[in-house]
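What follows is a pair of complexes built around chain A, which joins chain B in one and chain C in the other.
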Partner chain A sequence: MKNRLWKKIMAGSLAAAMMVSLTACGGGESTGSAGGSSETEAAQTGAETATSERETVTVRMGRQTLQNAKLPDGDTYEDNAYTRMAEKELNIDIVDEFEANGEDYDRQVSLALSAGDIPDIMKVGSLDELEELYENDLIADLTNVYETYASDNLKAIYDSYGGRALANVTYDDKIMAIPATNADSGPSIVWVRSDWMDSLGMKVDEDGDSCITIEELETIAKTFMEKNPGGADNVVGIALASWITSGDPDGTYTMNSVAYALNAFPKTWYERDGQLIYGSTTEEMKEALAVAARWFDEGLLDPQVGTRTWDDITALLANGQTGVTFGTWHIPDWLLNNIYAMDNNARFAAYAVETADGKVNCKHNDATAGYMVVSKQFEHPEIVVELANLFYDRLANDPSLLETYPEVAEYQKQGVDGSTRPMNVEINSYNSLLEGFGQLQACLNGEITVDEVKSTEEKSNYEGITAYLEGSGDATGWAKYHSRLGGVGLIQKLTDDDTFEWLTPVFPRTTSTMETNWANLEKLEEETFIKIVTGVLDVEEGFNQYVSDWKSQGGDTIIAEITEQMH
Partner chain B sequence: MIDNKSVGSRVRIRVTYGIVFLLGLICLLPLLNILSISLSSSAAVSANRVGLLPVDFTVAAYRKIIDDSQFWKSFGISVTRVILALILNLAVTVPMAYPLTKSVREFKARNIYMNLLIFAMLFNGGMIPTFILVRNLGLLNTIWALILPGALPIFNVILLMNFFLGIPHSLEEAAIIDGANPFQVLLRILIPCAKPCIATVSLFSIVGSWNDFFSGLIYIQKPEKYPIMTYIQSLSVDIQELLKSGASVNALENVTELSNRNLNAAKIVVAVIPLLLIYPFLQRYLITGIVMGSVKE
Partner chain C sequence: MSENRKNRRQKAKRKSEVFYHLMMFPGLFFLILFSYVPMVGILMAFQDFVPAKGLFGSEFVGLKHFIYMFHLPDIAKIIRNTVVIALGKILIGTFMAIAFSILLNEIRRQFFKKTVQTVVYLPHFLSWVVLAAVVVNLFSLDGSVNQILSVFGLGPVNFMGNSKVFPGLIIGTDVWKEFGYNSVVYLAAITGIDAGLHEAAAIDGATWWQRVLHVTLPGMMPIILLMGAMSLTSILSAGFDQIYNLYSPIVYETGDVLDTYVYRIGLVGRQYSFGSAVGLCRSIVGMALLLGANGLTKKLTDQKIF
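Showing the complex of A and B:
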């Protein structure tokens, strides 16, 4: 890996040298690191120890942006309420080296790498990238600055992951990045049109544990199909997106909840009896596919499964062609709200699908997603930790900060996207979802007042939900009511009742065989699954053939490679 | 003529027209669909109810575009880019093509230049070296980064060169006998004769720089400086990827609010208008331009 990147860089700089000499024009910028800048404006606060002592530092950053960040007119990613606050608090001057959306950002990172000049601070998306940067000695060791500068609260956030978060970014006992955290997101929830169930006088979940069996799920879908309470043409029982399963436990528009209920964990690496296995190749997965194939055969499953896109399924729901779907706890906020926009009577109930012994299978997420790295050339690596302190500790815990910077408070109220923060990653404690929900619920029950609710987000959730419950018909309130009281409420209940059965998967780094063969194996998996579900292939034969193909086309090697990685 | 048309040939013509008509439809229908989507209510669009005709006709999306400052900024950048690129392209294509029409006897280094051109047409530095070059020249985030790398369209040079070769040589000789120098020959004789071909290469240049979104993604590192097609490209969102990358709920809300197919369709429609306006004027030259340029004596 090391050689590969070096070759890239060498070839790049050689070509650059040639081209520059050809055009006889050695243009431009100095490549040295940004040192202290000329401005000697007095430091405004004494809150941070190091901050007040140093001169204004120019920080060149790589920023991953989001479409529709909702910045007020005149504000940009480089100059907005968040950056202004950071610049003032930390006595720095933020200059964006490059900005781009999603994948385009990754490309800019690669280009910066090949040009041999990475920004002082930037975000990288994957552990593979982080590892490459580390092996090529381009990023700074943050162990000391983390120990020295990280506030107790920030440390507590990382500690809430039981060391898993920092372990991901630690190489040879050195912390090489400030990671974004990635808390567990819960199961893939079954969302059922409860207004339809009421109008048909249906009852499910008699024992009130918020869990339904696969049979109950089938009954709901069948009844909806027969009675067609939505009065739609071309009624569909259950619709799935073309990828059918997901590697995320909460996979939206997938059959994950059914698979998990049958103890199958598609697209997941985990150990069983000391052996590493790939969830999509297990006997349990075969059973899950057999269920879907039976649905297809009985006409319960959408006949067009395999060609449905994301938008198609949203459309099926919005048209009232189907009233059952699967997804993560927050889909009411950004997907199901489309259904409310079409039909103001739409209500959804959230259920989990239970296993034969009444448990709900779920798996842990990897503790990190997204990594802030600091260039080795940068003289003030502590700034990245100070930024993290500012945004994830002080901004969350110190109300006086919002009073000093009212425009930041206004941003939070208006829902300006978090990616406009100079640290555009999420760092939240492992339990933040349920803690926030606890406060929201306490507030709704009148146990605490709105002012006692800590986060701005939960405050606005409270306001939206109360308005909705008072009958305002507010769409945001509808969404928050469903996502929080429905989605998170379900996760809270399953946690309280101890219904969850957690799987801790293995999260492998991309191995060399994966680099060459994984795309094909994924294609093999998805194509075979579609064929099995639609009855083109026999469940038994088709699946066994797939497993042996999967193994011979690199699967076995990959398992060996990952096992090696783990030890 | 009419006598020559047997029943068989008439049937053949009908069938050919039928096929051409179908092919035309294949090109036209998606455009029509985008147009109807842009003119439908966004609820109808998200319910997949819009086909070839607008459902719940509304121009709300177009009203929204009027207020979208970034759209117009990018639009302006693209217009400037197209004009600058066109001027620059013609300014280098024409003087490059003319000397290359001379024989090796008249212009000794002709073949060296020709081979260099062909070499550069077939091989180029690739994305990363070109990026580093543009970066070291200090062109990143300027409009020149979008124009200069494509300033000399070699294909157009060859097209124009062949067109020049197709113009009767005696015209040029007559001018020389009358005392014209090479510049006068080019300006007074060849360029007026080559108008169809110049119109064609202009069209290529305009369409090429208007539609190009990729160089914007590479060389422009601030979204507010994106040209129009890069801007439109950046509106497409891969929600699945976003979910995987651990995006916050707030981010998902903001993004899905934007992934408004109805508004995006309207943006596409507005962005195509300039080309639709230019095409009819230049299109009549297109066939003569290319065909004449492709044969030489």
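Showing the complex of A and C:
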């Protein structure tokens, strides 16, 4: 009756079959020689080929979008200040093959992949997808174009990761993607409505180390529930997303901060006493779930946890139904700003949750996240490197570019989301976050002038924040004030005070057992965790059963496989 | 002479029939293009399908994906969930549609009849993506259903997050959405029943209930059997779009069905061969059930569906 999946598979296979027959008719030899000649051509002419000499190239792209990108009226993802700048600078014409939000984008990529027809340039989210593209021979080798076209600054950025970034995208000594760098993102921060705390005369973090204990967190949430300073209906203490935990240390809407404070590292592979373990199966994880289960039992945790969507939780915050949430340092820019839009009095304080020893656990990220790939059919693979040069070197270091394109400067000032750039990834040096923040802070303290601030982004941050502090009520200034002075400020403080306890995880490639069993193990984990938290399963019994199931359903094999991979 | 004329007439007939057969051709073409050609994709189920290598370049692995499917730890639970939800929808949905059509047929005031008909048809034309939002709003903890329950001192029931009531919610909302539309066929069947039979029964002193039982229902039986047998083919598809838009990990226990499971593992995990293996299994089961039902009805009632 509703065989949608079947139909999709059929459509996919039909498309694939057509592809095969088309390429067969078109003559495999011609595609082969064309690819070869364009490659050698690119290598021969090298960097001297001025962009302007190239005829206008149409670039079909896959674009991952954001719901509220703050684009000015009339501008779209396909046609905005950033794309116009790129089109003019590189003499290209950007056409969006498909645009989709978040997870939908990954689905689009999946479908494009199954049809064997990918856009000229697109971003893929995971190494697994990259590997599949490579194995299916759909993407171009970028080794030559990277060596030839990447600017010195761009190369320096990748070098700051000690080779780890490019190693991730290198297959058989060939660079197959331009990776997004992934510097450490810090902990999952507890964001608390400080305007509510002030109005209730609450005092937290009295020792001033910006860390709170789990008990303090509970007290804050309880007081907010009882006093209801937001004056809302259906008050909720703490809301969590249905996945409860995240593999990213800074996971938004998850209980990572609580888990980490109990020395549990959910969804993380790491070595302990020479033994590889999966963090979601440890005793510490059980304790963390026990805390959440107690919260649920006491009514502190949202009674509808598990069925709330991401947007539901944002709505809870925006409606003033809850005033405590968890997330990465930059959520004021794109998530908490929704709350300011509803309530101009909203202010947030940022805290980290500390362990019993007064430390803050955090883990290092993998060096890359997100990969720009180029279709093998595309004749100008150098464009992807030129885009990277433009956005991550020239735009960051060359002020004259902003004078030529005042609308781009305006975008940065208005805080238009970075995903509107045709290159929707971040390529920054390993220490860029704290370096930039150091300059911003020095500038705010009057130690250096705005002109001495290096990056244009921090300059516009400075302008936004000063405008906000002068009482302009500017929403972007509010967001930057909270994300930089609140979020990054907290990371800086914890770094300065030496409060962080860093874990270096293992980042495995997908093993053969993972390929067949991982989806199932993930389901097992997700289902068990939410059931334990909501009291359907007993913590002790349910968790022990989960661990033994996890091991017998492939977990043990996977551990052995990854251990082998490491040696 | 007469022989000759007969031949000529046959020839003429054949000539005019050629035209009609030609008219069938576009339909046949599309049928072959969209229903038969894609069947080549069944090959995928027996391969380790790699899109770039295509259907004829991928490696054949025999029954690997079928064996894997039946060794999945959750497969029994998922098949049970699928059958429970699908069967619930078929049984309750068919009953509601029949009951509704009989009752609606009794209404004499045309305006009222047409209005009711339109109102109950309407949900059929809304997509589950839209309706899911309505269902979530109605059945969430602070939704109106729980507010009504609280007036009677009941609840609150977390319909969306309680694996005991979730299948009921799925079946109930689907029946609500589809029964009106499904009753169209039954209404037509009732109209086709000879009015004389009703009159005769009434003259013999049959009550309304007796007439329904002994005239209307037997008259509808061929259609009921046909519809029932046809819906059996979907016993292993419990309605992907509905469940996908309403479920969450918390109700996987009773709400995760074959479609959603295959979607998560097969399509999101990009295991196409596994996906088509499951799809093929489902089609085989559906076809076996259809043939079985056909044989059974022929034996029981001497009527064949096809």
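What we mean here is this: the second predicted complex is superposed on the first by the 339 of 567 C-alpha atoms of A that agree within 3 Å, B and C clash if a C-alpha of one lies under 4 Å from a C-alpha of the other, contacts with A are read in each partner's own complex, and residues count from 1 in each chain.
Criterion: a residue touches a chain if its C-beta (ideal position, glycine included) is under 8 Å from a C-beta of that chain, and two chains touch if they have at least 3 such contacts.
The structure displayed is predicted, hence computed values, not measured ones.
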Exercise. Regarding the shared-chain residue A:Ser114, is it in contact with chain B (first), chain C (second), both, or neither?
Worked result: both
Exercise. Touch check for A:Gly102: first (chain B), second (chain C), both, or neither?
Worked result: first
Seminar exercise, completed: Of chain B and chain C, the partner touching more residues of chain A is B
Exercise. Between chain B (first) and chain C (second), which, if any, makes contact with A:Asp417: first, second, both or neither?
Worked result: first
For this session: Kindly classify A:Lys531 by the partners it touches after superposition: chain B alone (first), chain C alone (second), both, or neither?
Result: second
Exercise. Should A:Ala519 be classified as contacting the first partner (chain B), the second (chain C), both, or neither?
Worked result: second
Problem set entry | Touched partner set for A:Asp137, first chain B, second chain C, both or neither | second
Exercise. Which partner does A:Gln67 reach: the first (chain B), the second (chain C), both, or neither?
Worked result: first
Exercise. So which positions on chain A get touched by both chain B and chain C?
Worked result: 8, 12-13, 16, 19-20, 107, 114-115
Exercise. Any idea which chain A residues touch chain C in the complex?
Worked result: 1-6, 8-14, 16-17, 19-20, 106-107, 110, 113-116, 132, 135-138, 233-234, 242-243, 303-307, 515-516, 518-520, 523, 526-527, 530-531, 534, 536, 549, 553
Exercise. In the complex of these two chains, what residues of chain C are touching chain A?
Worked result: 37-38, 40-41, 44, 49-57, 68, 72-74, 136, 140-142, 158, 160-161, 163, 231, 233-234, 237, 239-241, 248-250, 252-253, 259, 262-272, 275-276, 279, 282-283
Exercise. Where on chain A is chain B touching in the complex?
Worked result: 8, 12-13, 15-16, 19-20, 23, 25-29, 65-70, 73, 76-78, 96-104, 107-108, 111, 114-115, 125, 180, 182, 247-248, 252, 310-312, 314-315, 318-319, 328, 330, 333-335, 338, 341-342, 369-370, 415, 417-419, 426, 457, 483
Exercise. Which of the residues in chain B come into contact with chain A in the complex?
Worked result: 43, 46-49, 69, 125-126, 128-129, 131-133, 135-139, 217-218, 221-224, 234-235, 237-246, 248-259, 261
